[in-house]
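What follows is a pair of complexes built around subunit A, which joins subunit B in one and subunit C in the other.
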Partner chain A sequence: MSPNGQDPPPSPRFTTGPLRWRAAVPQHRSPGGSRIGSALAALVLLVVVVAAGGLVVGTELNDDRRFREFVASGPVGEPVSAHTVDLTVLGARTAATIVEEPGFIPRDTAGVWVLVRIRALAQREPVSIGYAAVRDSAGREWSATERVEQPLVGFGYQLEPGIPVEAEVVFEVPREVATDLTVRLGDAGVDLRMQTVAEVPVPVDEAAVAAGLAATEPLVLADPELVIADPQVLVGTEGNGR
Partner chain B sequence: MTAAGGRGWWRRNWWGLLALVPVLVTAVALSPNDAYEVWRTAQPREAVGPDRDGWISYGGTRLRLAAVVPADLRDPDTEEPYQLPPGLQAWQATVTFGRLADPDNSLLGCAFLLEDEAGRRFGDHPTELGGAELAGGSIGPTICRPDEPEDDTFEAIALFLLPESTRPAALLLTASDQLPAYARFELDPAALPAG
Partner chain C sequence: MPREPGGRPGADRRSLATPLRLAGVGVCVLVLVVAVAGLAGGLERVPAPQLPVVAVDEVSEGEPWNVTVTAAHLFRELGDYSPVDEDNHWLVIETNVEVTADESRGDVSSALYPWGVEGLVSEFKLTGLEEGAFGADEVLLVRDSTQVGALHPGLVERVVFLWEQAGDAPVPTEVTVRIVSMTLRESTLSGHMEWLDPEPRARVTVPVRDRRDES
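Then we have the complex of A and B:
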C-alpha cells in the first residue's frame, strides 16, 4: 500500500532469491467463456479440415488423373494443335480387307478396317507421331494396328517444321463401334502423362461401313505425301475406292 | 476470441508466419522430382559458343564448323541430281571434331539440329532424304565418332531439309549427357551459298 493509500501499479516486480524480473503480462489466457469458444472453434476447424480432405480424396485426384494428358479437340478438316504438331483429320475409308501394296498379302478382319487420313505439321522442332488410337463413346480404345506397316505412326517418320505430310493411319475395330470413334493423336509414346493429345471424331457413317465391307477388292493403303503447297482440304466420309 | 486476444495471437506468431514464406519457396524450388525441372534439363537451352578460333569445347572434345552449303544429292541408281519435292531445299553441314577425351563415352547420343531464321529446328537426316545419296558417298545417320579411335581429328556430315522460304541461321549439336548445354554455331543466312 502506498502512502497515499492506493495500490502500486502491477509491474515490474522483483522476487526474492536470484535476481529475476518479470514483465507484467495482462493475461496469457482468455477468460473461461472465451476458452470454451476457442475450443469450439478449433473443433469446428478440425471438422472442416477433415471434411475437406474427404472431399479431395473423393475427387479421385490420384496420379493418373493429376498427370493425365491435355486434350485438344477439333472438327474434321480443321488443324488441331497437339502442342508440338498440328494434326488435321481429312477423311476416312473403311474396308473388310486391306493390302499395303498391290501384290502383298491381303489382311482381312472379323471387324472392320478404318483408315483415317491425316495431315501432320511439326511446329518448332522435329517430331514423330508416337501415339495413335481410336476411342469409342464408352471409353474403349484401340491402338493403330501393327498388322500392317504404319508409315507415319511410331517413331519411323520424322516430321520437320513447315513441311506438312499426309498419310493414312490404320485401325482394326469391331463392326459395331466403327461409326462411334474419335481418333487420338500425339507425339508421345506409351506414356501420355502431361502430354497433349489431339482428338477429332472419325468421319465414318453406316453407309461408308457397309460399302467398305461389301467391296470385293482389298483396299490399297495410300503412301505418305509431302504437301508443300496448301491444297484444298478434303473433308468428308469416304467408302472403299477413294 | 476477443479483439485483444486476436491481436495477441498475431503478435506471438508473426515470426512463424513470416518464416513460412521462405520455407514454402525453398520446398518448391528444391523438389528433386519437379516435373518441370526434369523436362527443362532434357532440352538444349544453354548454348556453348565458339572461341576466337571458332572452336567449341563440348562433351569431352572440341569441334569447329567447316561449312554449311546446299547439299549435292544424287539418285543412287542414275547418279543424276536427286529430285526433291518442289518447295524444299536440302542443306549439308560439315563439322570437324578433335580427339575425343573418352572414345567410348564422349558425345553419347549426339544429334545435329539446324535452326532457321524463325527459330525452328530441323533434324538431321530427315525421312524424306532416305532415298538420296551425297555426291561422292552414301549417307547415313550422323555419328560423332572417328573411323579409328586414335584419329586426332575427324569430320561428320549432317543433312537437313528446309522449306525453300527459309534459310539456316544456326547449327546446333547436342549430346544427351551434356544437356541442357549444347554447342551452337551462329550462321549468317545472307552469306550462305544459294541453293
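Then we have the complex of A and C:
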C-alpha cells in the first residue's frame, strides 16, 4: 500500500538474460467461455475438413474414367484415324436374316441385323481390328456378333500397311435402337484403356430398317475385298481411294 | 518395509482398485447380456435365408440378365451335341435370357445352375458361388443350335443349358435351378467397374421330362 492509500500500478517485470519488458497479465489462461468457443471452432473445422475430403474422394475419377479410351470421331465417308489404322464407314445395310454364303444356314434374329461396311487402312505396321461395337445414345453397347464369321474383326485378319481393305462388320441389335447407333472400331482387344477408338455414326434410317426387315430373302454377307485399283496406295500411307 | 521417497503406503494398490472394479463390472454386464441373449434364442444357429421362388415361365428380373426357366428335359443327344461318355445323357434346362447390362455379355453360362442333381460330370465350377454350383457344359441358341458366344442387351433369346449327367446317376423327375445375379461395382483389385459378387437370387423348380428315347 502506498502512502496515499492507493495500490501502486503494476510494475513491469524483468526476466533474466536480455532485458525484456513484459506487461502484467491478470491470468495466463483464457476465460472458460473462450475455451468452449475454441473447442467448437476446432470441431467445426474438423467437420469441414472431413466433409471436404469426402467430396474430393467422391469426385475423384475412377480408373475407368482416368484411363478411358481416346475417341476420334468423324462423319460417314471420311477416314478417321484410330492411331494405327484409318477407318472409313462407307454405308450400312439391315436385314431380318443373313447368310454368310449362299447355301449356308440362314441366321435370323430377335432384333435386326446391321451390317456396317468399312474400309480399313493400316498406317505403319500390320494391325488387326480387335474391337468393333455399336453404341446407342443411352450408352448401351453391342459387340460384333459371333454368330457369323467376321472377316475383318478379330485377330485372325491382319491388315498390311498401305493396303486398304473393305468388308462388312455385322451387329445384332434391338429394332428400336437400329437408327441410333455409332460404330466404334479400334485395334485394341477387350481392354480399351488408353487406346484409340474411331467413332462414326451408322447411316441407317427408319426406311432402311423397315426395308431390311421386310426382305424375304436372307441378306448375303459381302466378301472382304482389297482396294488396290489405285497402285499409288501400295507405295504410300496417305491414299485411301480406290 | 522400504518406501519410495514421498510415497504413501498402499497408494499403488488404491490407484489400481478403481479400474479393476470397473473392469469386473464390465465383465459381469457382458456375461449378463450374453446370458440374456442366449436365453432369448440369440445364440441359436440362424437358417440360411430361403431364396425367392420363381415359377416356371416366370421372369426372374435382375442384373446382369433376366432369366425365365421354361422347361427341363433329359436327352441322350441334342442335335450335333453328344455327351463325352456315350452312357451318359444331357440334362437340358430351357430358358429365355435377356441381358439387362449395358453391354454384350459372354458369360451367360454363369447365369444359372441346377442344384442338388447327382452325377453331373461338369468340372466347370462357377467362381464365387456355393460348393456344388457347376456351369453348363454347353449353352446353345435354340434358333439355330449354335453355341452362345455372347448375348446382347435388349434381345430376348431362347437358350438351352446342357449338363452331362452320368448314366448311372439317379434320374431326376424335377430339378431346382438357381438363377445368379451379379453387381456392377468398382473392383478393389483392378480399380475398374466390373460385374462381381455372383450370388443366387432366385430358385425355380421345374419338372424334368425324360426324352432319352426320342433322340
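Note that in this section the second predicted complex is superposed on the first by the 169 of 242 C-alpha atoms of A that agree within 3 Å, B and C clash if a C-alpha of one lies under 4 Å from a C-alpha of the other, contacts with A are read in each partner's own complex, and residues count from 1 in each chain.
Quick note on the criterion: a contact is a pair of C-beta atoms (placed from the backbone, for glycine too) under 8 Å apart; a residue touches a chain by one contact, two chains touch by 3 or more.
On a predicted model such as this, the values are computed, not experimentally measured, just so you know.
Using the contact criterion defined above for the overlaid structures, shared-chain residue A:S38 touches subunit B, although it does not reach subunit C. Contact with neither subunit B nor subunit C is seen for A:E101 once the two complexes are overlaid on the shared chain.
Using the contact criterion defined above for the overlaid structures, shared-chain residue A:I163 touches subunit B, although it does not reach subunit C. With both structures placed on the common chain, the touch criterion links A:L226 to subunit B but leaves subunit C unconnected. By the touch criterion defined above, A:M194 reaches subunit B but does not reach subunit C. Of the two partner chains, subunit C is the only one touched by A:D64; subunit B is not.
By the touch criterion stated above, A:E172 is placed in contact with subunit C alone, subunit B being left untouched. Across the complex, subunit A meets subunit B through its residues 30, 34, 37-38, 41, 67, 123-126, 156-158, 160-163, 194, 226, 228-229. Subunit C meets subunit A in the complex at residues 102-104, 141, 143-144, 146, 149-150, 152-157, 186, 190-193. The part of subunit B that touches subunit A in the complex is made up of residues 1-2, 5, 35, 85-88, 113, 116, 119-123, 126-128, 161-163, 165-166.
On the subunit A side of its complex with subunit C, the touching residues are 62-64, 105, 107-111, 133, 138-143, 145-147, 172-174, 176-177.
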